[in-house]
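Chains: A, B, C, D and E, in written order; residue numbering restarts at 1 for each.
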Amino acid sequence: MSKSHRIKLSHRSPKQRAKKVGLPPGSLVHLGEVKTAAVDLSIIEYDDSGLSEVKFADTAAWQAYTPKHATHWLNLHGLHDTALLREIGTRYGLHPLVQEDILNTDQRPKVESYGEYLYVVARYVNYDTDTLSVNSDQVSLVLARKAVLSFQERSCGTFEPVRGRLRSGRGQIRKLGADYLAYALLDAMVDQYFVVLEQLSEHTEELEDALLEKPDQESLQTLHKLRRATHNLRRAVWPLREVLNTLIRNEDGFFQPGTGVYLRDVYDHTVHIVESIEALRDLQAGMLDVYLSSLSNRFNVELRALTVITTLFMPAALVAGIFGMNFKHMPWLDLPHGFGLAMGLMGGIALVMVSIFWRRNWLR
Amino acid sequence: MSKSHRIKLSHRSPKQRAKKVGLPPGSLVHLGEVKTAAVDLSIIEYDDSGLSEVKFADTAAWQAYTPKHATHWLNLHGLHDTALLREIGTRYGLHPLVQEDILNTDQRPKVESYGEYLYVVARYVNYDTDTLSVNSDQVSLVLARKAVLSFQERSCGTFEPVRGRLRSGRGQIRKLGADYLAYALLDAMVDQYFVVLEQLSEHTEELEDALLEKPDQESLQTLHKLRRATHNLRRAVWPLREVLNTLIRNEDGFFQPGTGVYLRDVYDHTVHIVESIEALRDLQAGMLDVYLSSLSNRFNVELRALTVITTLFMPAALVAGIFGMNFKHMPWLDLPHGFGLAMGLMGGIALVMVSIFWRRNWLR
Amino acid sequence: MSKSHRIKLSHRSPKQRAKKVGLPPGSLVHLGEVKTAAVDLSIIEYDDSGLSEVKFADTAAWQAYTPKHATHWLNLHGLHDTALLREIGTRYGLHPLVQEDILNTDQRPKVESYGEYLYVVARYVNYDTDTLSVNSDQVSLVLARKAVLSFQERSCGTFEPVRGRLRSGRGQIRKLGADYLAYALLDAMVDQYFVVLEQLSEHTEELEDALLEKPDQESLQTLHKLRRATHNLRRAVWPLREVLNTLIRNEDGFFQPGTGVYLRDVYDHTVHIVESIEALRDLQAGMLDVYLSSLSNRFNVELRALTVITTLFMPAALVAGIFGMNFKHMPWLDLPHGFGLAMGLMGGIALVMVSIFWRRNWLR
Amino acid sequence: MSKSHRIKLSHRSPKQRAKKVGLPPGSLVHLGEVKTAAVDLSIIEYDDSGLSEVKFADTAAWQAYTPKHATHWLNLHGLHDTALLREIGTRYGLHPLVQEDILNTDQRPKVESYGEYLYVVARYVNYDTDTLSVNSDQVSLVLARKAVLSFQERSCGTFEPVRGRLRSGRGQIRKLGADYLAYALLDAMVDQYFVVLEQLSEHTEELEDALLEKPDQESLQTLHKLRRATHNLRRAVWPLREVLNTLIRNEDGFFQPGTGVYLRDVYDHTVHIVESIEALRDLQAGMLDVYLSSLSNRFNVELRALTVITTLFMPAALVAGIFGMNFKHMPWLDLPHGFGLAMGLMGGIALVMVSIFWRRNWLR
Amino acid sequence: MSKSHRIKLSHRSPKQRAKKVGLPPGSLVHLGEVKTAAVDLSIIEYDDSGLSEVKFADTAAWQAYTPKHATHWLNLHGLHDTALLREIGTRYGLHPLVQEDILNTDQRPKVESYGEYLYVVARYVNYDTDTLSVNSDQVSLVLARKAVLSFQERSCGTFEPVRGRLRSGRGQIRKLGADYLAYALLDAMVDQYFVVLEQLSEHTEELEDALLEKPDQESLQTLHKLRRATHNLRRAVWPLREVLNTLIRNEDGFFQPGTGVYLRDVYDHTVHIVESIEALRDLQAGMLDVYLSSLSNRFNVELRALTVITTLFMPAALVAGIFGMNFKHMPWLDLPHGFGLAMGLMGGIALVMVSIFWRRNWLR
């Protein structure tokens, strides 16, 4: 069996973690795989009047840049350039622990308030249809009064629809501030959960048909993989629900009352996803029961069939044995049709037994 | 096996949901099946002095209409006419997210307060006795100070008794305001839960008798279907209980103190339903255990019976084998009744064994 | 199998409930079986100075009657005379929903405060030792400032000890007011729970001995019935505990501080009962496990025994077959004691095998 | 199986309880076994300056006695002298319900505040190593401002260490007041829980070794007894934890701030015990699984071994059968070494099969 | 099976505990194994300006010593010198119960506030890869305003990184006060939990592969050990999470606001660990199911294979029996190729059966 379906209990291997032992807190070490070669830093700034977009070639270019519009969104793909991260941290006044958490990409979703800004950790999930596994990337969001910063290990296209809406000016996204942008980014991630959930559901239902038709060992392992994938999805979305709940109740004024309604909407979506995941898990648990029961049932039927065959031969063998005895005086032996009579006796007994077993439904 | 008994994890298929990806929130797209051809918009307005009822042929007719009585109830069947919905939303000042939620007909029951009105999502359940599945339609209610708006994908007759009471003027429904009407509509939906629950209970009890008499694979699948139907019913009623609890504790004054008593009554009904569902689930879980145990028991008894038959033939076959040996000097062979003695020996041993097995109760 | 052990999920059959569909709330329709032919209305009135008791022949007699003592207790057996109930409701100012709930005799225990009076629903349980089922009757109590009203479908003797104490003037029951009477009635009902619980425990323990001696299908069904009966008892007492808790914390002053101590005592009893029920359920669940394990064990032992017998005959049959071969030159055949040698060989092998199986403990 | 391991669901048998039916609350009837012949009433009174101890021969002696020191501890062994109890109740102003609860020795642990005193019910446990059962005695404590009263059905030595400390004047027990004494008594009882828990753990671990070596029916029943004993222990300690928590948070000033720290310490002990009990229950549940699995495994291995033997004989029997046929022209029959060849063929086939089965590890 | 994998329900054996029975609370008796020969007392004192470190040869040296820097950390390895502990307790004003708890090294993690100082019990875990068991040592921390005291039974290297950071002056550890030091010590212990968790995960995953390839009894026992080790880890970390939560919410001002952020970080780590442990437990539970299912499956396949072999021989044996009968007139017997025909018949029937079984997939 391939190792691909394992629950990754921790994204850092012991060796990776060993890098950090003995270092003071706030030391910036990237714990995680390097998932993209290039570090990619860009800013989209906008307000009601317009939008401009810059992709920075190097740190110097970014340091020289000052946003002109009311709201700006800084996005960073690739986290192994710790020097750049420290620069960003210094410019936006990020606490050393926040910088450390951005680099430790195995965090569970959480939200922390640092007075000047909110730090949100969420996880972007995707479903690998080959290995039937759900993996997740950490996405760190920093919501300041007039800016949103987002940090990811690689570009995965989740935020493209939001960029599209910003560029086209559709909806009210440009009119509302940084808080609405943060909402839009969270919403885009939650939408992806729905997609993964639906793929998982579909695979589970396909497997269910397969299991009912032919319960074999392979299907069992596929079920095993699907259960783990569902479990991983659950682990990513479960704390995210709490994050959204905390954001709704946050009283530092990062979210304007109008945006609160939208947050509540995303929160409802996460509740919906959590419930669907529970239903999916129930379904999968039920499938395991049905599988085990069918399997045991099949073996029982087969064993009964084989034993029935054995039993059918017993009387015929006995008849043959009886007429093979060496007594001087035995009936039938000298009759011209003695052999035929014996064969008829054998056949007759077998027929009676078959009819009994048939009526008892033991011949399948 | 037919696909009909599956838990619908989401009412929107991935394709339907794809319509919405990348759209700003509040975009009106009907996610759901089109369950009725005609869009059907009607108003019942009433107060203590009388009642009048209008069915609108087109949007223009409705736009020209102004209710004259103190309270009115606007009902819409069919949600694919998004333009009409936007008109209604504008006239009653519904938030874009509310309009969106009305169209996304896979919402879980919830209640939201928007200051000027309460938005309630409930689900109307019905039980398909052919496929043994519980399906649910979303019903959106908007409770304003002097009006109730209700939105459904199709007409399903739930609200007919309420209409009847309004028309006949029986009870106090015309005397009390919009809040009492909202209560009456919720009550009508909860009544339907009782009906579905009783049908499910009846089918479950019928199945129980069938399972105890003859545990076969088909009954198991019926049980599987019933468990899913019960699960679906539970998923619809569970959050509805919370909705009612929230309505009772709502402090925006939408419900007058007198109506609160009635709401508490409906709440008690949902608690009763939830408890009965748990009892039903326990019963179904117990049936699965009993089924598996009976099945395994039956196979064991059958296998024992077959093995007993085999065992009964062993000594006779050995006796035949012994008298078939070619020794020069053997007892009995030359006796005139040697054959009879041998047969008697065989029969005698078999009788002794049968009597032992009989006493041990191994012959069923 | 008889139907008697089923969990009654709802006391109203669909047909009975159909009587009510479409009626406005507060419509008085008796949903439940008519359990007693005669409607029986009586009043006991008392205070420190004395007691008088009246049984009314008809409604008119009751209407003409005015209690003279400080406290009175009105009791009604039989609920199908809805006109009488409406009269009582009018005289004591009972809310239409309370009147409706008195008639719907499948309510779960609850308490509701209506300002002038408290409405309490409790359930009186009894245990049918023939069908091993626990049934419950609804008892509605109305506690007003100076009166207690009690409504039951039939007389079941629970309140007799309270009547006895009132009549004899033993204890302080006549000195304390209506609240103490309400407590005494609840206490009498809770005492009955102890009796039913002890009968259930006794039957369960008897069954346990039976199961350990001889695990058969019949015992399994008895266990099934006992589990349902326990479940039904739990469903009646569980919400009653909450009712008592609510009464203790009630701040409308229906209960004087002195009576509060007594209520807490009844509450402790219900907690005790709930815990004992949980212990009983654990015991029953454990019995099912032991039963299934013993059953499977027994079949395994039997199958092994039968297979051992078969195995014991194999070598003897082979020896017989060998000496039945038709080779020209074979050993032993011509010896005078050849047959005896062969028989000895058969017996010897069998003895060796028996001794091996014996040492392995395979012969039971 | 002996009845000794049963969960005592209630210490009062139905007959005992029947004594009380119909009596007003507060009636003093001793419900419980009479566990000691003599009623034994004694007082220890002490303060910083000294200690004096009296054992009363009869009620009159006690009535004549007045404590001279600041704090006194009245202890009563034997509860069947209800007249004496009523005397004590009158002298210390105990509520009739408290007097009743002292006599009903099947109460679950609880604490109740009556203004002038606290009433605490705890249970003293002991472990019967013969029947492997945990039994518990009720200990009632009344904590007044300057006195502690303790009531038990029999003397069981738990409080001896406390008496010893009082007599010797070790520690600060004489300096601190009645609240510290109450703490010391509770602490002594909780210490006994540790002892019982350790005995249970030891027996469980011994059984585990036995089960792994030889899974037989007897071990299963021992496991059953141990699980019930653990369950009984849990039922006694679980509510005691709540009692201690309530005492810590009690605001009536019965406990001085300095004693609160000690109470918290006892509370920590009960939490520790509860956790250890849960671990023990997990261990026992796991043992059942392992037992059932080993048992089923053993039967499977045995059945396979027996079937392998049967299978080994089949080809040899067929060879014998073939050379027993009566064809005129058959090979080998006339060879001088034909018989040897046939025997070699049988042996050869058997050897091949044994080697195959051996490699498949089917011969154990 | 070795005893090493047992859940240690209590670190004190009954005998050890017996030392304490009857002693007043606060009596200093070391309950626990003596894990190190030498008692080792040392102080590190530091502030922004520098650091000095002293290891005391005897109690007198320590008594003569006065720290000069703002903050100092006293560490004690080895707890059997109760006189020394009493000295330390007196000097720092530790409550007798705290001194007692330091010596009772089987405490569960907790935090207690004594006004002048906080007392924290944590447990340091380590994983024994030979016995696959998780053991834990108690670490007691006392956080005073200007000092941290730490007490352990033996030196285990956990605090070395913190000492290293103090000595090198890296990070801000010297600038911040005693509260930051306490955080650093807790953080070092939590880091060790990650290491143990990762080792457990790795072993579990290795075992999973082994189980899927070859489900044998030995793997089952390894699984058993791993489950207990995981359980022990959970017991140590679960209450530690609560400790950290309490520290964060502590309002006595022991932790400066700046340190609170770091505490929250450690708290997040414990939450992460708890979740990973739950996932690991799920994985292990699933492995048990898969193991039992594979095992039963394997036996079923083997039994079927053996029964198939038996069945294949039945017809051939019958044919041989038939031609061994002694009838005068029998077909084929006199044919020159009669024997060949009979053998062909036997072979043909066997071939047909093999092909049927093959198609049914019964021959593996």
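The rule we apply is simple: a contact is a pair of C-beta atoms (placed from the backbone, for glycine too) under 8 Å apart; a residue touches a chain by one contact, two chains touch by 3 or more.
Note that the coordinates shown come from a computational prediction; the quantities given were computed from them, not determined experimentally.
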item	value
Chains contacting each of chain A and chain D, listed by label	E
Interface residue identity across copies chain D, chain E - same or different by half	different
Chain centre separation in whole Å, for chain E relative to chain B (CA means)	44
Geometric centre distance via CA averages, chain D-chain C, whole Å	27
Multi-partner residues of chain C (at least 2 other chains)	296, 303, 307, 310, 317, 321, 324-326, 330
Touch-based graph of the chains, sorted into line, ring, star, complete or other	ring
Contact footprint of chain E on chain D as seen in their complex	160-161, 164-165, 170-173, 187, 191, 194-195, 197-199, 201-202, 205, 208-209, 212, 261-262, 264-265, 268, 271-272, 275-276, 279-280, 282-283, 286, 289-290, 293-294, 296-297, 300-301, 303-304, 307-308, 310-311, 314-315, 317-318, 321-322, 324-331, 360, 362
Interface residues, chain A side, partner chain E - complex	1, 3, 6-7, 9-10, 13-14, 17, 21-22, 24-27, 95, 97, 101, 107-108, 110, 112, 114, 217, 220, 224, 227, 231, 235, 288, 292, 295-296, 299, 302-303, 306-307, 309-310, 313, 316-317, 320-321, 323-326, 330, 332-334, 336-339, 342-343
